[in-house]
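Next come the structures, one after another.
Look at the two complexes coming up: chain A is in both, with chain B in one and chain C in the other.
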Partner chain A sequence: MSVQLIDVSHIYAQGTPFEFAALKDIHFSIEKDEFIGIIGHTGSGKSTLIQHLNGLLTPTQGSVLVDGVEMSGAKGDKLALRRKVGLVFQYAEHQLFEETIYKDIAFGPKNLGLTEEEIENRVKDAMEVVGLDFDTYKERSPFELSGGQMRRVAIAGVLSMKPEILILDEPTAGLDPYGKEDILRSINQLHEKQQTTVVLVSHNMDEVATLADRVIVMSKGQILMDAPPAEVFTQVEKLDEIGLSAPDILYLMRALKKAGLDVDDKIFMPEEAKEDILRALKSGEGKPCLKI
Partner chain B sequence: MQKAIEIKNLQYKYDRDEEEITAIYDLSLDIYEGEFVGIIGHNGSGKSTLAKLINGIIMPTKGDIFVYGMNTKDENMIWEIRQKAGIVFQNPDNQIVATIVEEDVAFGPENLGVEPSEIRKRVDEALEKVRMSEFKDRKPHQLSGGQKQRIAIAGILAMEPRCIIFDEATAMLDPSGREEVLACIKQLNKENNTTVVYITHYMEEIVEADRVVVLNQGDILMQGTPKEVFARVEELQSVFLDVPNITNLAHQLKKEGLAIPEGILTVDELVKNLCPSS
Partner chain C sequence: MFKDITIGQYYPVQSKIHDLDPRTKIVYTFVYIIILFFANNYVGYALGVAFLGFLIAMSNIPLKFVFKSVKAILIIILITVILNVFVTPGNVLLRIGALKVTDAGLINAAFMAIRLTLLIIGTSLMTLTTSPIALTDGMEYCMKVIPGVRSYAHELSMMMTIALRFIPTLMEEADKIMKAQKARGADFETGGILKKAKNIVPILVPLFIGSFKRADELAMAMEARCYRGGNNRTRLYELEYDKNDKIAYIITAVMVAMIIASRFLPLMRIPIQ
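Up next is the complex of A and B:
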């Protein structure tokens, strides 16, 4: 399925002194199988934007088309839309409410009126994707888990609806590196094995740099850039200007080049940087740098 | 130097499903007036438990904690302890009580019985320090997560504490929001001599700390200057801590045989070591 936003604007509290334009003339589309990273400063409109993708918010102006069908008006079938587009909110674990992990994850499919067997299969599948052992965890209370595990249960609850597009709003915020990696690995697997379209909202450049194949940069309610990671992250000045920084490694490569080492200053992945630095040091002659 | 916080043979246990869990084993730590101490550890290492113990929200199973000489077990002192050592938590939504930003910031000093004119001054200053002055008439729910967190910090600042404990206070902020808040915390530490206990997952945030304490499974795994601690890359990774990208890259290059020191923390440092005569 594809989602298209055509000249979408969203104004909060219109007609009051608190009127605030959170989105201005947003125009973009999401195609099947994409992995999109959305980055932007706090308050840049990221969260408002993704809520338009599953009909939680409707545009003040413009339209949202899903597979070519208008969704934004009163006529749009928002229920059907939400079945296809799963949204995992920030701090999704705050929305857990059931007595057992099984019941919590089963809540969505149950409301779809599926058979018990199908529900159980979906819960099993979802738990497998997020790396929680079914037999160990199904009867446990979600509230006695660690923060990272609770977050995984919450994500499983959305996955059990088998969404075609999965949107995650800062899914790793507040987790330690270990918990972070776990969740990112699950998301990546879902994208690669089940061809789920993923939209990942994140503050973390490195996260987006390694996973996404398309990056959308938001600033003040508008799309500032929409390009592959390599194109976005090398525009350091532009990112600095809107209060985002490029990955550290990129700054290092630029600084090394300036210092006289002949490295590729467009590299932002640590592994590539290591190889390139070693290569440049080996080939260097009469340079102000270490010789190896 | 005066001790701001003195932790003596601290142990903390709690029950979960009739099973006894030890969150902190036997921890002793002194934090001095004016110090900036970074505490890192993965989820479940005991660092948030420690913050709650220092603030008297929970009580030690064994051992004692003294905040400016006051034992957290002494109920008569608990309010003074919380005024002297304020705490900023991870989630701003749990910390905001009022419906208007400046009223929220005024909540603490009002409860301390501060004069109205003094409250006005403190609220304005606190909002200025977290760069939220222009939002003082807004409703907190209209703010983004990062903005709300800065309001929560302003609320603590308005109580003029001598020590502030930040419990993953920047986890929800974007890079520039984090930088802004961190700069403000560093400024408080340098200019007001406020003691800072900074609990975080992000090692990059504490490379300028006076001292770094690494917690693992309720114990101190290591402590020292950031340089000393971050030089132990493999040990840190073995307890699931992320070493800053630059530090890790430097470590990898050193392993390839390059003559550079361990514990490189910044881009500039690595450039100077790789290209010494530039």
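Up next is the complex of A and C:
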């Protein structure tokens, strides 16, 4: 399925002194099987944007088309849309409410009116994806888990609805490095094995750089760039200007080049960087001792 | 859905009313509420309307916004009007079955509606022109004057400050949780009362847990900064009256005098108070 946003604008509290234009003329589309990273500063409109994708917000102007069908306004079937587009909010663990983890993850499928058997299968699948053992955890209370585990339960709660498009708003915010890696690995697996379209909103450039195959940069409610990571992250000056930065590796490669090592300063993936640095060092060009 | 509540909302614009000392506004509002019950004929009410109109004009707040607060109690006003129209005894003007409309009832109903509207607008004007922090500051000062409450004044106002501070946060949180559950297919719009009440559980539980956690963290943060109540605590900004406050007090006094005087005018009275 595809989602299209056509000239979407969103104004909060219109007609009051608190009026604020969060989105201005947003125009883009999401196609099947994409892995999109959305980056931008706090207040750049990322969260407002993704809430338009599953009908939680309706545009003040413009329209949202899902598979060519208008979804904005009262016309669209919101429930059907939310069935297809799963949205994991920032600090998703704050939405947990049930007595047991099983019940909490089953909340979504239950709302879809599925059979008990199907619900159990879905809960099992979702827990497997996020790396929680079904038999160990199903009867436990979600509130006795660690922050990272709670986050995973919350993500499983959306996965159990089997969305065709999965949107995650800062899924790794506030987690320790291991927790971050676990969650990102799960998301990547989902994308690769089950062909789920993923939209990942993040502050962390390294995350987006390694996972996404298309990056959208937002600034002040507008789309500044919409291109593959290689194209976006090499425009370091432009990113700096709006208070964002490129992945750390890119800065390392630039510094190495400046110091005289013959490396490619457009590399931002850790693995590629390692290969390239080793190659440059072995080829013997440049000074043996670097001053950075 | 939570964004349209105007009672208790602050409307940040520049005006003479906004700049008044919060104590002045609290005292005025208090006096206004009491004096409204002294008005017993249309001159008194006209005065009440006139003074309020003057304040609204001075406050630079759009009329539309001021009247939004009346919308919230429209049902209460309607019930009052209907009760008054049919229940007040007097000369019968119209009979509908067992119900009868009297002249006294109509007059009473009209006055009641005006009084309620003035009460609501008068009080919401205070919150519209005073930031929550200034308001609780003013209340603390006012409470310190009342014997018996004096020793709790600081604690009470601190509680109020914290409560006011967290209202928008809680609303935002509720809105966010609601959206998160909607994203999981929850439906808050359809169904009967029982189903709707049941549907609120997925919002209330996370909201309560979040609030308790937040309260705990706030208490810890306050203690970490050596908060120990109001004893010997000094303030960064002391409240001080200036010329405009004195003028406002004089206007308040004039209003009181005029409305009380209007009672003695031999004009159409409210039949039953």
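Everything below uses one rule, namely that the second predicted complex is superposed on the first by the 283 of 292 C-alpha atoms of A that agree within 3 Å, B and C clash if a C-alpha of one lies under 4 Å from a C-alpha of the other, contacts with A are read in each partner's own complex, and residues count from 1 in each chain.
The definition used in the following text is that a contact is a pair of C-beta atoms (placed from the backbone, for glycine too) under 8 Å apart; a residue touches a chain by one contact, two chains touch by 3 or more.
It should be emphasised that the depicted structure is a prediction, and the values quoted were computed from it without experimental measurement.
Undergrad: Identify whether chain B and chain C fit side by side or clash on chain A in the overlaid structures.
TA: Superposition result for chain B and chain C: clash.
Undergrad: So, does A:201 touch the first partner chain B, the second partner chain C, both, or neither?
TA: neither
Undergrad: Look at A:183 in the shared chain and tell me whether it touches chain B only, chain C only, both, or neither; answer first, second, both or neither.
TA: neither
Undergrad: When both complexes are superposed, which of chain B and chain C contacts more residues belonging to chain A?
TA: If we count touched residues of chain A for both partners, the winner is B.
Undergrad: Which partner does A:216 contact after superposing on A: first (chain B), second (chain C), both, neither?
TA: Touch partners of A:216: none, neither chain B nor chain C.
Undergrad: After superposition on the shared chain, which partner residues are touched by A:86: those of chain B (first), chain C (second), both, or neither?
TA: A:86 sits against chain C, while chain B stays out of touch.
Undergrad: Of the residues on chain A, which ones does chain B touch that chain C also touches?
TA: 13
Undergrad: Considering only the defined contacts, which chain C positions touch chain A in the complex?
TA: Per the stated touch rule, the residues are 3, 11-13, 65, 173, 176-177, 179-187, 201-202, 205-206, 209-210.
Undergrad: What residues on chain A touch chain B, complex-wise?
TA: Touch list, chain A to chain B: 12-13, 18, 20, 40-43, 47, 90-91, 144, 146-148, 170, 173-179, 203, 205-206, 243-245, 247-249, 251-252, 255-256, 259-261, 270, 273-274, 277-278, 281, 287-290, 292.
Undergrad: Which part of chain B faces chain A closely enough to touch in the complex?
TA: Touching chain A from chain B are residues 16-17, 42-44, 90-91, 138-139, 142-147, 168, 171-177, 201, 240-242, 244-246, 248-249, 252-253, 256-260, 267-268, 270-271, 273-278.
Undergrad: Using the touch definition from the top, list the residues of chain A that touch chain C in their complex.
TA: Spelled out, the residues of chain A in touch with chain C are 13, 16-17, 51, 54, 56, 79, 82-83, 86-89, 92, 94-97, 107-108, 111-112, 143, 157-158, 161.
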